[in-house]
Amino acid sequence: MRRDQAKAYAEEKGIPVREEHGLLHLVLPLAEFKVHMGAFKEMGFNYLADVIGVDYKDYPEGTPWQHPERFAVIYELVSMPGFKDGDGSRIYPRVYVPEAKPRLPTVTDLWPSANFPEREVYDLFGLVFEGHPDLRRILLPEDAEGHPLRKDHPLGETPTLFNDGRYIDPESFRAGLRGKDKGLTGWRGGRRKGERR
Amino acid sequence: MKSYEEEFRELERQGILFTTLEKLIAWGRSNSLWPVTFGLACCAIEMMASTNARNDLARFGSEVFRASPRQADVMIVAGRLSKKMAPVMRRVYDQMPDPKWVISMGACASSGGMFNNYAIVQSVDSVVPVDVYVPGCPPRPEALIYAVMQLQKKIRGQARDASGRKLPPVAAWAKGA
Amino acid sequence: MIPEPKELRTEEMLLNMGPQHPSTHGVLRLVVRLAGEEVLDVVPHIGYLHTGFEKTMENRTYHQNITFTPRMDYLHSFAHDLAYALSVEKLVGAEVPERARVIRVILNELSRIASHLIFVASGLLDLGALTPYFYTFRERETILDLFEWVTGQRFHHNYIRIGGLKEDLPEEFVPELKKFLDTFDHRVDDYQGLFVGSPIFEGRARGVGVIRPEDAIAYGLTGGSLRASGVNYDVRKAYPYCGYETYDFEVPLGERGDTWDRMVVRLEEMRQSARIIRQALDRLEPGPIRDPNPHFSYPPKELLSSSMEALIFHFKLATEGFEVPPGEAYVPTESARGELGYYIVSDGGSLPYRVKVRTPSFFNLQALPQAARGHFFQDLVAILASFDPVLGDVDR
Amino acid sequence: MSVMALAKALGITLRHFFSRPVTIPYPDAPVPLKPRFHGRHVLTRHPDTGLEKCIGCSLCAAACPAYAIYVEPAENDPENPVSIGERYAKVYEINMLRCIFCGNCEEACPTGAIVLGYEFELADYRYADFVYTKEDLLVDTVGSKPQRREAEERKKPVKLGFEVPYVRPELEGVKYE
Amino acid sequence: MIWALFVTAVKALVLILALLFAFAYITWIMRRGLARFQIRLGPNRVGPFGLLQPIADAVKAIFKEDITVARADRFLYWLAPFLAFTFALAAFAVIPVGPDGWVVANLDMGVLYVFAVGELAVYGVFLAGWASGSKYPLMGGLRSIAALVGYELALGMAILPVVLMAGTLNLQEIVEWQRQHGYFIVYQFPAFLVYFIAALAEMSRTPFDFAEAEQELVAGFHTEYSSMKFVAFYIAELLHWIVGSALIATLFLGGWDAPFGLPEIPVLWLFVKWAIFIFLVLWIWASWFRTRYDQMIRFAWGVLLPVATVWFLITAYYVAKGGMA
């Protein structure tokens, strides 16, 4: 299995490995990120299924997961079953990107299918993929400001209107769930588990 | 400054509005509403379904979904309108010849619905004047047909809002647009 | 003196197709570079239906999010419900009872058929045939009626719950479904008769928009479009979920990877889906339909008046939802368009920390320029249709 | 044989030409809805006492993914109670344009007060007319706001455009004729 | 002389009115007929059976805002629908609807006239595409010209054997010939097939309706036209269909001749035969796809033209030998 192969490779190179819910996560260092990705491609992970950006800014401490930097980009690599000798292995290498210098190398040269998803991560998180052939905003208008999936970007809700000027402001309505305020639902609240003070 | 309502009544009294010819025109217009294909999201599928064999919007003379806005009378905004799409939609609307109507189909188009966020225009009324709103997510095809019937009533000058005010036959005219 | 004849000058034309165009299947914008009618290059511009699903879902409880998922892919909406539920179930460790799994399979396959019916309808409409649209929509209406019996909605179901289903099937559902299945195969034969073998269709689809398997893998194709290129990858077989491994069905494969194959593969998939439904119907045994764990399942309504505990759980679930242990999960599923999965990051609260949807259309669309280059403008429309993109699925 | 395939296509369409149209002529014939259909909400009453079931707990508002429900509770007068519990909903409003008819409110309601009914003919002309108050929702009210307005103008009872094989048990006391 | 002119004028007027009426109701027939193929009802709510639907459409179109696109070539933009409409209408002038006198202009070169006028009508389409100053209409116009080059030759070639056999270019006389000897569809079946297929292209009906292919060209050459100008195109398009069907009925199915020894009633029998072709075209429309325009041209040059030519030579040989003269 290529999955075991990748795991052995990670152990050999000193890459932290974590298995959870059947997914094999590998935390690649940003400096040698491209080298390792190339090695995985060599290994037979011929298909890039997804590029996932996560902003761990508000992620609470005290959970089994620790995140050294604010942003993470998670890649989903598949050895495509049904194509050549693919065996269906999946690995989830990830790389942490610091907030101060949100740049990382692109993998579009290894997997052309990374084109759109990398643009999406650029658009929604503001991470710059160096060497990407066509790094433009993809989902938002070209002139949009900010990167909406960052945790500090507001959701931008408008109140729901009712008769006689009554309204529901979603953010305060939901505040109970965030454990910050009791909110309009009248729920007494209580700290959200894992919520960072 | 007379209100629109007063002017409307006065004109009606004087027989300027809704003379026989006006009635004929209103009849023609209301029975030949050609929609422009403006499908955005889920509602577009129900809009398609409203023309299918089961529901058959064609019975009302509205089967000819015109791809070119120049030949259309009514724009059915079917689905959520993103802020990226809003200028395009306004442009399509501007390309339609007068008189033109807008049906805002579904929760997202009418009010933003559940997508109360940075990306979606909360109510297309902020982009184009809306004649009829259709709630539902998505509205059944029959609900759209009901909306078309409501619009026909409006074009014939028979429509009133909840406070009993008579509504102008074209929403765009009332706002001085 | 006779003036020099002007040089015969030709010009490339840049054509902006969409975002509001009859055959872009929604609000896709294609900037097409044309030499006469020959397509030199296509650049897809997406995002005109960007709805901010992922951000909004971070601000709704896990339970409320079930209403968001189907609205992404409004054609095969059940697949999104299912994929989302599977990922969350993995995080909370829910046990889905057998009956619920069988019902999920039935509804998922019905929804797939409904989606493929639209694919056939719109695909053939783009080739200039009006009538198949009306025939396929007739069957689609029947399927939507079946859904209405079960979920009360035509395609935004809100029927799946974490750990099972909202409520059991109504009595009328199974006989109605059987009635539908009895006629369905003949109807598929009808659609096939309308286009397969027709020289006009052959001319329009054979050898048009060819994607070789290597390109398909490189550009991230999945689903029917990939299988048309001959790659045998179906998530239902490769990473079975919901007990798909126990059903007997075939994965139709294409040989050439052209528009023709992509059309016919999906037609055959409808037959296979009907076959799965027939098998699932035989397995439909009475039983519970939800994981009874009160931490994430609403207690039965009857208990509310008698049990204080049930009432407390009910209030807690309705107001704050349930808390999901921290972790990250992803379950690949097969939607009508390809591999679909929800990558969910939980921080232990009742709102997901991050939801990333791996939507198949988003990736499939990348292969479009590759397929369309060098073909006629008239074929571009057919090629696009054969990829079966759903713009809600692309833009999210 | 390719020419045979063309002929076959002709044969299939001709067969359909002579089959019965599947159209349901909606405004003339009722739409056959299924018992679980999600239409306009109904606030039910207790069948025996006639008291409102709603106790103003706001669970529906909290469960709503579109934030379309506004509930303002008040204490019941013990002499002359409005509802069965300690409290009742003084204000109960649903913004029908925001509402996506998902049924989460019904699922969250501990007393079975808010139930989704069948009415889907809700299309109206003005945004402000889509806030359905308690009076519009309570079980005795038949028809949507535009339908009732039209019925009043014509002095006729509200005509509903659908039929169901049977009414769900949750819709206690609701009468659709 | 004056009297003859007057009669012609009256006849023309009656015919124009009849054609416009036919047009209005062919839209109704088209919509209802297509609806039947598509297992639905079609327009039925405006007046009894929806019979007032065309009138409602007309009323609406007349009182619609007339847009002239800013980038249009104004004169041509205005001229194009006029041309398309006029020539489509003019083609009917030589088609006999009954025995002597039941024709507007009994031209000796009726067949040539029909061809000339029919080709001029394409100018309307092409000019519209050019004058709109927009890309989609331009492509639509170009396609219609490209297609014209394809089908027009085949059309001409297919009609030659008929002319040879009948020995006349006068449509009335062609009908007379058929009354005596039997219909050309029997003698000239290959020519009929070629002619019918090419005529589908001339009428720009499925499978050759790519000039206004809605799916890729938005609305083809009339994308930028609104109100009455659009209606003019719409009428022209349907008139092509009406005239084309009438012409086939005249050339190959005996025109106004009563078949099977039934009583002769002017107009009726042509109408019946015409209706057969109207239905046939509708049927094909409901059943088939649209070809690609290069495929159609290849088909026209590679199949239709050779078949027509060979058949023409066979007929010519037969006629030269003295058969059937």
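Each chain carries a letter (A, B, C, D and E) given by its place in the written order, and its residues are counted from 1.
As a working rule, a contact is a pair of C-beta atoms (placed from the backbone, for glycine too) under 8 Å apart; a residue touches a chain by one contact, two chains touch by 3 or more.
Just so it is clear, the structure is predicted and the values come from calculations on it, not from any experiment.
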Length of the shortest touching-chain route, subunit A through to subunit D: 1
Chains in simultaneous contact with subunit C and subunit D: A, B, E
Contact-richer chain pair (by C-beta pairs counted) among C-E and A-B: C-E
Innermost chain, taking as reference the mean of every protein Cα atom displayed: C
Farthest-lying chain, centroid of Cα atoms versus that of subunit A: E
Averaged-CA centre spacing for the pair subunit D and subunit B, given as whole angstrom: 23
Between subunit B and subunit E, centroid-to-centroid distance (C-alpha), Å: 37
Gap in Å, rounded to a whole number, between the CA centres of subunit E and subunit D: 52
Per-residue multi-chain contacts in subunit A, two or more chains: 140-141, 148, 153, 155, 160, 170, 185, 187
Touching two or more other chains - residues of subunit E: 35, 37-41, 44, 214, 218, 286-288
Residue numbers of subunit D (touch at least two other chains): 6, 9, 12-13, 16, 21-23, 25, 62, 65-67, 95, 98, 100-102
Chains grouped in pairs wherever the two touch, ordered by label: A-B, A-C, A-D, B-C, B-D, B-E, C-D, C-E, D-E
Footprint of subunit D on subunit E - complex, ascending: 35-41, 44, 283-284, 286-288
Footprint of subunit D on subunit B - complex, ascending: 53-56, 59, 107, 110-114, 116, 123, 125, 130-137, 139-140, 142-143, 145-147, 149-150, 154, 159-162, 167
Partner subunit C, residues of subunit A touching it in the complex: 20-23, 25, 46-50, 52-55, 58-60, 63-65, 74, 76, 80-83, 88, 90, 92, 111-113, 115-117, 120, 124, 137-141, 148-149, 153, 155, 170, 174, 176-179, 185, 187, 192-195
Partner subunit B, residues of subunit D touching it in the complex: 21-27, 31, 65-67, 95-102, 120-130, 145-146, 149, 153, 161-162
Complex contacts: residues of subunit C adjacent to subunit B: 19-22, 26-27, 47-53, 55-56, 67-68, 71, 74-75, 118, 133-135, 137-138, 140-141, 144, 154-156, 391-392, 395
